[in-house]
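Two complexes follow with chain A in common, the first pairing it with chain B and the second with chain C.
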Partner chain A sequence: MDITIKNEGEKTLVTLNGRLDTTNADQFQADIQPLMTSPKPDIDIDCSGMTYTSSQGLRIFLSLQKSVLARGGKMVMLNMNPQVKEVFDITGFSNIIAIR
Partner chain B sequence: MKLDMHCEMILDEYRERIPILNKIREVVLDILQRTMKENNMVVTAIEGRVKTEKSLAGKLELKGNKYHTIDDITDIVGVRIITFFSDEVDQIAALVERMFEIDWDNSVDKRKMLEIDRFGYMSLHYICRIPKSLYEDPQQPLINEIRFELQMRTALQHVWANMQHDTGYKSEVEIPTEHQRSLNRLAGILELADEQFSRIRKEINDYRRNVQSLVASGNFDDVPLNGDTFRSYCQLKPFQRLAVKIATINQAELYEDSPMPYYQVLLRLEMKTIGDVERMRSECSEGAYQLALIQLAGTGLDIVAYSVALQNLCIVKILKLGFGVAGLTSMFNAIYGESAYNAQRADRIFQQAIRSNLI
Partner chain C sequence: MKKRFNPIKDKSSEIIEFLMASPDMPTDETLCFKIRLSVEEAVENVVRYAYEGGIGWLEAGTSLDKDTLILTIELRDAGVPFNPLDREDPDITLSAEEREVGGLGIFLCKQMMDSLNYRYEDGNNILTMTKKINK
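On to the complex of A and B.
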């Protein structure tokens, strides 16, 4: 899983590439730590290059969204491919995480 | 503006006191904001000001001989709480009475001063001191001695008072009679609106309480389906058994989320009562579980949302009604917004359902 985090003005653009699973979930969690502290974040997560997410990934997205909302910010996951979107759909996470 | 020596002395004392007056304002605002939060009270605004020198001088010019010392002027620090509803003014007053030392001789309930055939300024004004139990600074004992004015009024009373103030007249006595009549007519309308807002809120609260007891009674066919009744019904956790069964497929964690987004789907399915939702639950539970089994078994996904139970119930209900791919697409469009993906997902589920003899 490759992750790049870019700040564009007030917005933060996170780009994900590859699989998010047990082998790299801890690293992913560490990589997004800077997003867990900034005040009132506005985060777009571009998932067009993400090929899979495991339940660890779902938990990380959930905790990131909770943290962002608690700080009065917003987070949206964009351009999910159908395989990844299906994981969100069959677990009911499409109802929880903001996806566009 | 030319003031006499007595008033100039009061102004000098005011200038010396400005830091402590600002401190009183700050302490009172802090106490009020904390108290509102602790009591779960939501108000339109809590605001405070220290009278400007120009404003105080104007007051002294008009009625300086009324004041022997600066301590006789009780509104140099003014704080205002603006509520949404008229009955909240009394609730807040009760809180204020418990918190601050009230100078009852100088406090005024303008709401009770108006005669039955008059409409106008309605506000509750308390003259208060900060008790040492709430704030004490041995270096600044005046903080507990200087009085401040606390005004409590509704948002509509506030609008009226501001509009009247905006006319540029300092008191209603100065306003030409014909304009005063218009302003008072408006005050009457706003008083009526305040009463109506409070009445409507009470009726809504009564309705919600009735709905809760109706839902709790279990006579679901007697309970019309609407946002309030569905919310009350959801508090009974009607989909818990199915959600737990679905979670067991992968020994998954069940994440508690709200099933409320599916309310609009139930309406589209023309459900009229909570009894209709109950029937869907009993008729479609097995199908909803089978669908989850097809989708989740072998994926290793060990977290699922509680709402997935209702999601699958709706899917199975739509398929049983024969609405097919179009019906599912319409459901997904309603919940997630329109996208080409929704039709693909609907088609995939439809094919899964056929292969598994769900329909």
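On to the complex of A and C.
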């Protein structure tokens, strides 16, 4: 799993590549830590290269979404592949996280 | 095919890859995605919670019924008796603020596989998951 985080003005663009699973979930959690503190976050997460997520990944996305909402910010996940999207649909995450 | 891993601490990946490399696995990518996800969730459950400090064994195996094309994955351990199917499903209608973080692993297995079965036998937890494949 590769992650890049870029700040473009007010917006933060996160790009995910590869499989998010039990081997790298802790690292992912650590990598996105800076996003948990900015005052009014506006985050786009490009998922076009993310091929897989397990519940380990889901819990991190939910924590991030909770934290973003609590700070009055917004977060959108973009270009999700159909298999990953199905995981978000089945778990109800499609209703609580914006996906475009 | 079957293998016993001992001890299992930090061995999740090795156990998952062993199962996914089985000749019983389908080649279809979408099916493999669903099976891998279920395997990961079920294996993680044992590795994290079955034994204090992860010191104990896990026997992982697959079998394929050539007539019905039903794939069975079995996980067996001698850890704390625990029926993962007793856990209540998460309420997926709640808002982000109301949702609890976690508790999705076994729920995902239930959704992705055709059946999940648990039994406690001779001091072992035995979890079997089945999926009809199209090999």
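In this section, the second predicted complex is superposed on the first by the 100 of 100 C-alpha atoms of A that agree within 3 Å, B and C clash if a C-alpha of one lies under 4 Å from a C-alpha of the other, contacts with A are read in each partner's own complex, and residues count from 1 in each chain.
Here, a contact is a pair of C-beta atoms (placed from the backbone, for glycine too) under 8 Å apart; a residue touches a chain by one contact, two chains touch by 3 or more.
For clarity, every value in this text was computed on a predicted model and none was experimentally measured.
Superimposing the complexes on chain A yields a three-chain arrangement in which chain B and chain C clash.
Applying the stated contact rule after C-alpha superposition, one finds that A:Thr91 touches each of chain B and chain C. By the touch criterion stated above, A:Ile99 is placed in contact with chain B alone, chain C being left untouched. Contact with chain C, but none with chain B, is seen for A:Leu69 once the two complexes are overlaid on the shared chain. Within the superposed three-chain model, A:Gln83 lies in touch with chain C and out of touch with chain B [touch as defined at top]. By the touch criterion defined above, A:Arg59 lies against chain B and chain C together after alignment on the C-alpha atoms of chain A. By the document's definition of touching, neither partner reaches A:Lys40: not chain B, not chain C.
In the superposed pair of complexes, A:Lys11 makes contact with neither chain B nor chain C.
Within the three-chain overlay, chain B meets chain C in a clash at only one of the listed stretches 207-215, 297-305, 315-323 or 333-341, and that stretch is 297-305.
Common to the chain B and chain C interfaces on chain A are residues 54-55, 58-59, 62, 87, 90-92, 95-96.
Of all the residues in chain A, the ones that touch chain B in their complex are 54-55, 58-59, 62, 82, 85-87, 89-96, 99. Every residue of chain B that touches chain A in the complex is listed here, in rising order: 252, 255, 257, 261, 292, 295-296, 299-308, 311, 335-336, 341, 344-345, 348. Per the touch definition, chain A reaches chain C in the complex via residues 21-23, 52, 54-56, 58-59, 62-63, 65-66, 69, 83, 87, 90-92, 95-97.
Remark: chain C residues 12-13, 16, 30, 33, 36-37, 40-41, 44, 90, 92-97, 99, 101-102, 104-105, 107-108, 111-112 touch chain A in the complex.
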